[in-house]
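Chains: A, B, C and D, in written order; residue numbering restarts at 1 for each.
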Amino acid sequence: MEIGFVGLGPMGSAMAGVLLRHGHRLTVWNRTAEKAKALVAAGARQAATPAEAARGDIVLTSVANDAAVESVALGPDGVIGGLRAGAIHVGTSTVSHALSERLAEEHAARGQRYVAAPVLGRPPAAAKGELFVMAAGEPAAVADARPVLEQLGQRLFVVGERPALANVLKLCCNFLIFTTIEQLSEVFALGEKSGLDRATIFEVLTGSFFGAPVHRNYGRLILERAYDPPGATVDLAVKDTQLVLQAGEALSVPMPLASLVRDRFLSAVARGEAGLDFTVIARQAAEAGGLEG
Amino acid sequence: MEIGFVGLGPMGSAMAGVLLRHGHRLTVWNRTAEKAKALVAAGARQAATPAEAARGDIVLTSVANDAAVESVALGPDGVIGGLRAGAIHVGTSTVSHALSERLAEEHAARGQRYVAAPVLGRPPAAAKGELFVMAAGEPAAVADARPVLEQLGQRLFVVGERPALANVLKLCCNFLIFTTIEQLSEVFALGEKSGLDRATIFEVLTGSFFGAPVHRNYGRLILERAYDPPGATVDLAVKDTQLVLQAGEALSVPMPLASLVRDRFLSAVARGEAGLDFTVIARQAAEAGGLEG
Amino acid sequence: MEIGFVGLGPMGSAMAGVLLRHGHRLTVWNRTAEKAKALVAAGARQAATPAEAARGDIVLTSVANDAAVESVALGPDGVIGGLRAGAIHVGTSTVSHALSERLAEEHAARGQRYVAAPVLGRPPAAAKGELFVMAAGEPAAVADARPVLEQLGQRLFVVGERPALANVLKLCCNFLIFTTIEQLSEVFALGEKSGLDRATIFEVLTGSFFGAPVHRNYGRLILERAYDPPGATVDLAVKDTQLVLQAGEALSVPMPLASLVRDRFLSAVARGEAGLDFTVIARQAAEAGGLEG
Amino acid sequence: MEIGFVGLGPMGSAMAGVLLRHGHRLTVWNRTAEKAKALVAAGARQAATPAEAARGDIVLTSVANDAAVESVALGPDGVIGGLRAGAIHVGTSTVSHALSERLAEEHAARGQRYVAAPVLGRPPAAAKGELFVMAAGEPAAVADARPVLEQLGQRLFVVGERPALANVLKLCCNFLIFTTIEQLSEVFALGEKSGLDRATIFEVLTGSFFGAPVHRNYGRLILERAYDPPGATVDLAVKDTQLVLQAGEALSVPMPLASLVRDRFLSAVARGEAGLDFTVIARQAAEAGGLEG
């Protein structure tokens, strides 16, 4: 297929590489052009604008936040200006459901199609095509995008016909990740102070009822206090928690656990930990119990 | 081995049955004697007091709470009066770490040995010997109890030398179960109100990062609103949450998530749901968002 | 003095009336022009635009939220286009400290002066000049505005030289009001369920350590369940709580109590109580305890 | 009147001194006898047991907690053994409503009368007879105790006929004190970080809507960081918060704000601040915002 890819951060580059290896003709764009080098060396074409990258059958976007998506999709030289009628914009970024709804409308108004397909997983999983992809959009559009989405992920979930639904569900996943970190932080604090060995705590939990990837991956980071270099930063977590709370506000659904982790992340920023891995909030539960964080 | 079993509720009966099938000579006791019928029919001997049940190599106790353990272990005609020097009391109940420490002392003062071995799993798992068992105690005592503990569980974790450590870790597991229910409740509320299908939410979560037994088992109960008949009641959850908070208080470790679920369980009691399955607190997050609970 | 007044809701009308009675020459503007009638009948002149109202020595604005202030102050035909160099814009609305900072910059860039002077009190107090006024701005500007500010309030506090400081302090006052409502709600719930008479609770609290206006005014509304007609609505409280939380986020200061009342207000909206007095959240603490709300 | 006074800590000594100055014949008892010296020098008689102190018309108890009240009232040589039929035990301590109910029953079973009369105020207020007294009990008993209660307080509130009601209301007052400290802590943190002067914050709040004793007294301690020597310690606050939460549990009423301050107090203990004034929890909100506590 003729595919465009906009946004070549660690996630975007990894996904674009997978598509290239599957034999698609790929046109890429990134704000800082040098990030495209490796992909171009591997056969991708480099576009001068997002619009130019969007002239194929499908264009995927993978950028940092609402503002960046707005800019590359709807701004001057944005995707929306290059996409032909009937072609598909697949948004993989974690954005607000409000923006997702706006993108759906704007594309529809031009006869273009929009599929929201946020992904779960970190760059190493992305590079192996082992993400979890949750897609939502008009069924025919999702069907047309399916071959590409299946190449990106180990598993594809189609979750609804309104694109914003996929974004809400992705926000829920982030919420579960953040609050699981808080759960584990409190357990490590209580357990350690009682005299339990931290590695034993981790082994028992992940070896019994609590052995999901969310427990194993983040539990290990807390166990090893592996906060630096970060897999994903506190700053990013602040943004994502805000998105959850905004969704809750827009839908009038209180999310008390989200508020609690929001305070942890804010405090981490105040303590100078904004650039560390977001599991660093485990320090706060530990210190509140008089332990070294 | 010559084994005693004290406490034949759903968990106790199931565990005792497993031991009987493994060929041990079993003497059982229960406050209401008729609950012993099936085990006696299968070959167990019925004792008139906990002390009488405790005259073998090992006696296991499985009763409802601190008061019940205190009564059958330390009360008149209690286990402590029947156990010979060197024999082992294995406590499988979920009790406070304070009581566990007291049991360790009382048994040691009489030359008896105490192993705390709380278990994770519901009666059907117990009946198949598929519990998770977390044991703590003096190493030689744990070694002597090991064959029995391994018959009870699919996996045995030895977590420390002070018995109370196993109880703290069991409390941590309960804490994780309760707070995972709150996590999932908030996710179902936000997701459902956004328009997502509840079954889709469950499928995506458990099919991606959140597929541990704790997610699948309790998530399904919430999904199906299967609150009645209860697997374990709100009343029991109130007790267990108090144990977590008491451990936190004794060790000076704040557990904000535990406080939050405690309020959910108290409110469930106030709403007349004390006898329902403790996942019923999912109603509260739903109703707070204006949904039917 | 030659004074303009922009925004004639219940608060604005009351304040403008006070200024008129003190003998100032008053020019007023409101989006819906008919709200100016009573003031015009009493001698005020009606302007066609905010800019036109801003041609005197001082112009005060009193509108609903950030967007409205932005519109009347900085929009086309806004205050900023009519105010002469050296003249003063006094912002009395409860707005974000971010907007306050922007107003200070925009006015300064035109040689105009900006004083933030948010007020504490409801319309009846405003009509009697009995508000509490907290002002911040460049000292000479505050000094020039002082005679007017003193006429509006029973007490004027000058709280700093950066206008935004007054806005932060006003947000803190709102935060204290909202969280005091939650405090009293929980007390009424516990007390009532124990068998105490609600009126007795109110009498003892306000007659001992807890007799501030915040206790007496809002406590009485809860005591009498006087939620309709509203003095100030849940919708307004949602907005104001967001401003507090945004300030906390911008400054990296967690405000756990603010998150808690935010959830109460969101839930009130979800329950269909958006248009009731914001003390209606007392129902939630009551119902959580199994009482009628 | 012939009055006994049991418990001569700072509060008890001050109250006993007031009664002595009003001309009553006073018999006092304290666990450590030397604390009675000043009162004996001023004319009081010293008893060898609480029972002996309880032989007059009225005996008041003022001790630290449930266990101490249980001991001096119901233990060997306790008040209950000395009090004649028809005489009155006035309990001024802050205790659980459960214990209050038990005292009412035990006294009634012996034809004695029990009035719960917990007090609000610190020792200096007690010494001037300026406490707030909230009394509950059988009306005739309260009427007979009234002259004494009025001498102890600047104001007497009769709050119900079941003694435990006064204890619940006292717990509510403590709850309001603790949570007001949290409110003010968060305000000081946000305000200070925004650049506001701390003294200005205090002046504006207490000079406007927030000028109750609870705001002025505790706000000043936070403002001045006057945590040592303590007026009342963190340890005491832990106990009192537990009483509130236990009442909530017994009555099935969630108190989310109480849980939040409980965590603050526990953390203070963990940080080594158990012996400081309980307003020291203000440090935690400050430090969470990156400020010096």
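Before moving on, here are some points about what is shown:
Keep in mind that, in the parts below, a residue touches a chain if its C-beta (ideal position, glycine included) is under 8 Å from a C-beta of that chain, and two chains touch if they have at least 3 such contacts.
Only a predicted model underlies this, so the values are computations on that prediction, with no experimental measurement involved.
Of all chains, the one whose CA centroid is most distant from that of chain D is A. Of the two chain pairs examined here, B-D and A-B, the one linked by more C-beta pairs in contact is A-B. Remark: chain A and chain D have CA centroids separated by 53 Å (rounded to whole angstrom).
Chain centres here are Cα averages; for chain A and chain B they lie 37 Å apart.
Centres computed as Cα averages put chain B at a distance of 39 Å from chain D. Listed for chain A are residues 248, 252-256, 260, 263, 266-267, 269-270, 288-290, each touching two or more other chains. Of all residues in chain A, those touching chain C in their complex are 238, 242, 248-249, 252-256, 259-260, 262-264, 266-267, 269-270.
Residues 97, 120, 132, 134, 155, 157, 159-160, 162, 164-165, 168-169, 171-173, 175-177, 179-180, 182-183, 186-187, 189-191, 193-197, 200-201, 203-205, 207-215, 217, 244, 247-248, 251-258, 260, 285, 288-290 of chain D are the ones touching chain C in the complex. Only residues 263, 266-267, 269-272, 288-290 of chain C touch chain B when the two sit together in their complex.
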